[in-house]
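Please find one structure pasted underneath; my questions will follow.
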Amino acid sequence: MIKVLLFAHLQEKIGKDQLELEIIQSTVAELKNKLKNQFQLYELNSVMTAINEEYAMDEDIVKSGDTVAFIPPVSGG
Amino acid sequence: MIKVLLFAHLQEKIGKDQLELEIIQSTVAELKNKLKNQFQLYELNSVMTAINEEYAMDEDIVKSGDTVAFIPPVSGG
Amino acid sequence: MSERYSRQVLFQPIGTNGQQRICNKHVLIVGCGALGSSNAENLVRAGVGKLTLVDRDYVELSNLQRQQLYTEKDVCDQVPKANAAKKRLQEINSEVEIMPHVLDATPISLKPLLADIDLVIDATDNFETRFMLNDLMQKHRIPWIFGSCVGSTGMSYTVLPNETPCLQCLLDTIPVSGATCDSVGIISPAVQMVVAHQTTEALKLLIDDMEALRTKLVTFDLWHNHYHTMNVNRAKKTDCPTCGNNPTYPNLNEEASSKTEVLCGRNTVQIRIPQKMNLEELASRLQNIAPIKHNDFLLSIEYKSYRLVFFYDGRTLIHGTNSIEKAKSIYNQLAG
Amino acid sequence: MSERYSRQVLFQPIGTNGQQRICNKHVLIVGCGALGSSNAENLVRAGVGKLTLVDRDYVELSNLQRQQLYTEKDVCDQVPKANAAKKRLQEINSEVEIMPHVLDATPISLKPLLADIDLVIDATDNFETRFMLNDLMQKHRIPWIFGSCVGSTGMSYTVLPNETPCLQCLLDTIPVSGATCDSVGIISPAVQMVVAHQTTEALKLLIDDMEALRTKLVTFDLWHNHYHTMNVNRAKKTDCPTCGNNPTYPNLNEEASSKTEVLCGRNTVQIRIPQKMNLEELASRLQNIAPIKHNDFLLSIEYKSYRLVFFYDGRTLIHGTNSIEKAKSIYNQLAG
């Protein structure tokens, strides 16, 4: 199981601040695509991704037990 | 190994904000006594203790791999 | 709805209904120091209906480094904090009804102020008052939000009468060695961080968004980059004297609470707390502040123009003043 | 050392030496909205030597809900934010030298202000300006502290030229769909929480306590009780156009940066950004704000008295004004 934390407008879009996905292993890019298709989360095109609090790239591997955070840059000030 | 987080004046007393102790298993009370003897941390008489972010009592067991936080109540405002 | 609150109404969990609720609520803030002034500014900007402020002090120069709302002129004029706060708050938002009270927070002084209070914010600087608030709010069934800070650290926790563990569940006895801003200093971001948590929980409570409440106790250290939350559900005690099955509210008891008296002709005030004191702890914390003397019977310290003598039985003598207010203030600075 | 800073001097990592350093430093804050006004108040109370403030706006009623320093009178008088901030800040601390500038932050307008700046605080409300700051600070070797917030969320990160990954390393392109306070609202504690982190890192930098620096990117959501830190060390790119081996500073390039022009006789302003726009994203975010029309070529939206038309090639037309300032402001509210 992979835990996904959603921040800012990603939350509002799907009505939850976290998800638990029954996935054994995936790349960050695959995970994003899955969520884009399932929830129309186009915002995932421009987010920062962390795996277990470490900056991650699209080709990095996410495994069961990991926590992935999708952090959309917010611009207000 | 047990990770110990120290807040507020506990830090200043021993000059570190965290410790790593080579302990397999211990009660909270034993752990406090060990630190009291080793660092003269009398302040441990009136702290809150958390094991892995859960409130803990003196008789609770800490095991290798756990994170223990000692939280002295601070009074300023 | 006023354009003034438009950005808060746009925030989806609040909306127009939430804003209407906020505008109809009455909040009591106990203490108008660093936490109190900042909490007050947030709630007034957010448009709370009524705000009651309680504080016994006046503005001093050393407050300006971290106490929002106050200016150099308030220091010159020695304005009581509650009054100085009201003046600035009304310039910020004239729609909010603000009632300042310059008084020592005690069960007797607070009781008449509680009639229509929806929420209490703890912005006191000592645990004796917090334990009294804990009893009083439990008795009157009013939620309150604990907050405290020193150095670069702070903590916050929301107490819901009859639901969550109360302060007495979390801390068996009133801590006598709680570090104070006057002993180990403070930086303003520590204040802001506590207030950010207190105001957020206050807004949730004011709009009745109970699901969103944090429920955990937060502790942080901004300088050392720590942020820690603690689930305290298991701390709730059925035999707690404050929130248990047979509450006795021990901190509302006049006999049990601190007794303070002027010792005539000695230029000295005596304060008595209802517990024994751990003078080893106190000594280890005060030794960097001022010269101390410590023997088997007492701990004495020279501080500013005063000499304080702490006894194991819970008594403290403050030599150098006949003013109870001043003596309490010095006492809280060192042993708060 | 003044009694004013006594509690800050007592804070052990600062002490007398640290306070002396703070009093000799010069900080530039870009933006005097919510983040800027609160950062400014903290630094002025902390006793920074000089403070330069840059902002192009004036105080409006909808600002008062979260923008510290400003009052109803500032709204009535339509005082520019930088000037209103200076007035209040001097009442708080007359010892600090405060230089307000009412201007649009661009490479050209900022350059003359950088001469003796020790640190820059980002308090802007859009990523176009942040990417420009990122280039400018890298070029001039000045550390800067990114901060942003909307709703109950926010983030902060400190960029040290030649050491840490820069903003361009973390975000390949300027995000066009960054949520803004004008689209999804904001509560004041989110502002305070970002500022608590920015001010703490500022104090560490001002006293040269480099070991204490956070180094991680912080993101939080106060309403949903999340606090997340991210180690970004591996994000540093040797071919980064801003901080890599052969920097080109693409966001200082006049050609590459936004071009804004008034379309004569049409009561319309055109803004062009140097990237293609993702109109699907923008549409999904704006649909709750106002009526939108979306076809294969453009996205249009009715907003207040304006009509905005976004094109995939990066152009936007703002109909209903001939003012570049006004058009930029509306644009940043929606697509900032």
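Per-chain residue numbering starts at 1, and chain names A, B, C and D are given in the order in which the chains are listed.
We adopt the following convention: a residue touches a chain if its C-beta (ideal position, glycine included) is under 8 Å from a C-beta of that chain, and two chains touch if they have at least 3 such contacts.
Everything quoted here is computed from the prediction, not taken from an experiment.
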Most distant chain from chain A by Cα centroid | C
In whole angstrom, the CA-centroid distance of chain A from chain B equals 35
Note: chain D sits from chain A at a C-alpha centroid distance in Å of 26
Whole-Å gap separating chain B and chain D, where each centre is the average of the chain's CA atoms | 40
Could you please state the distance in Å, as a whole number, between where the Cα atoms of chain C are centred and where those of chain D are centred?
-> 33
Check each residue of chain D and list the ones that touch at least two other chains.
-> 12, 151, 181-182, 184, 186, 216, 224, 229
Where does chain A touch two or more other chains at once, residue-wise?
-> 12
Would you mind giving me the full set of chain pairs in touch?
-> A-D, B-C, C-D
How about chain B: which of its residues touch chain C in the complex?
-> 5, 7-9, 11-13, 17, 40, 42-43, 45-46, 48, 50, 53-55, 69, 71-77
Note: in the complex, chain C contacts chain D through residues 2-14, 38, 41-42, 45-47, 61-62, 64-66, 68, 70-73, 91-94, 151-152, 181-190, 192-193, 195-197, 199-200, 203-204, 212, 214, 216, 222-225, 227, 229
The answer for chain D against chain A in the complex is residues 31, 33-36, 122-127, 147-151, 153-155, 170-171, 173, 175-182, 184, 186, 216-217, 219, 221, 224, 226, 228-235, 278, 280-281, 284-285, 336
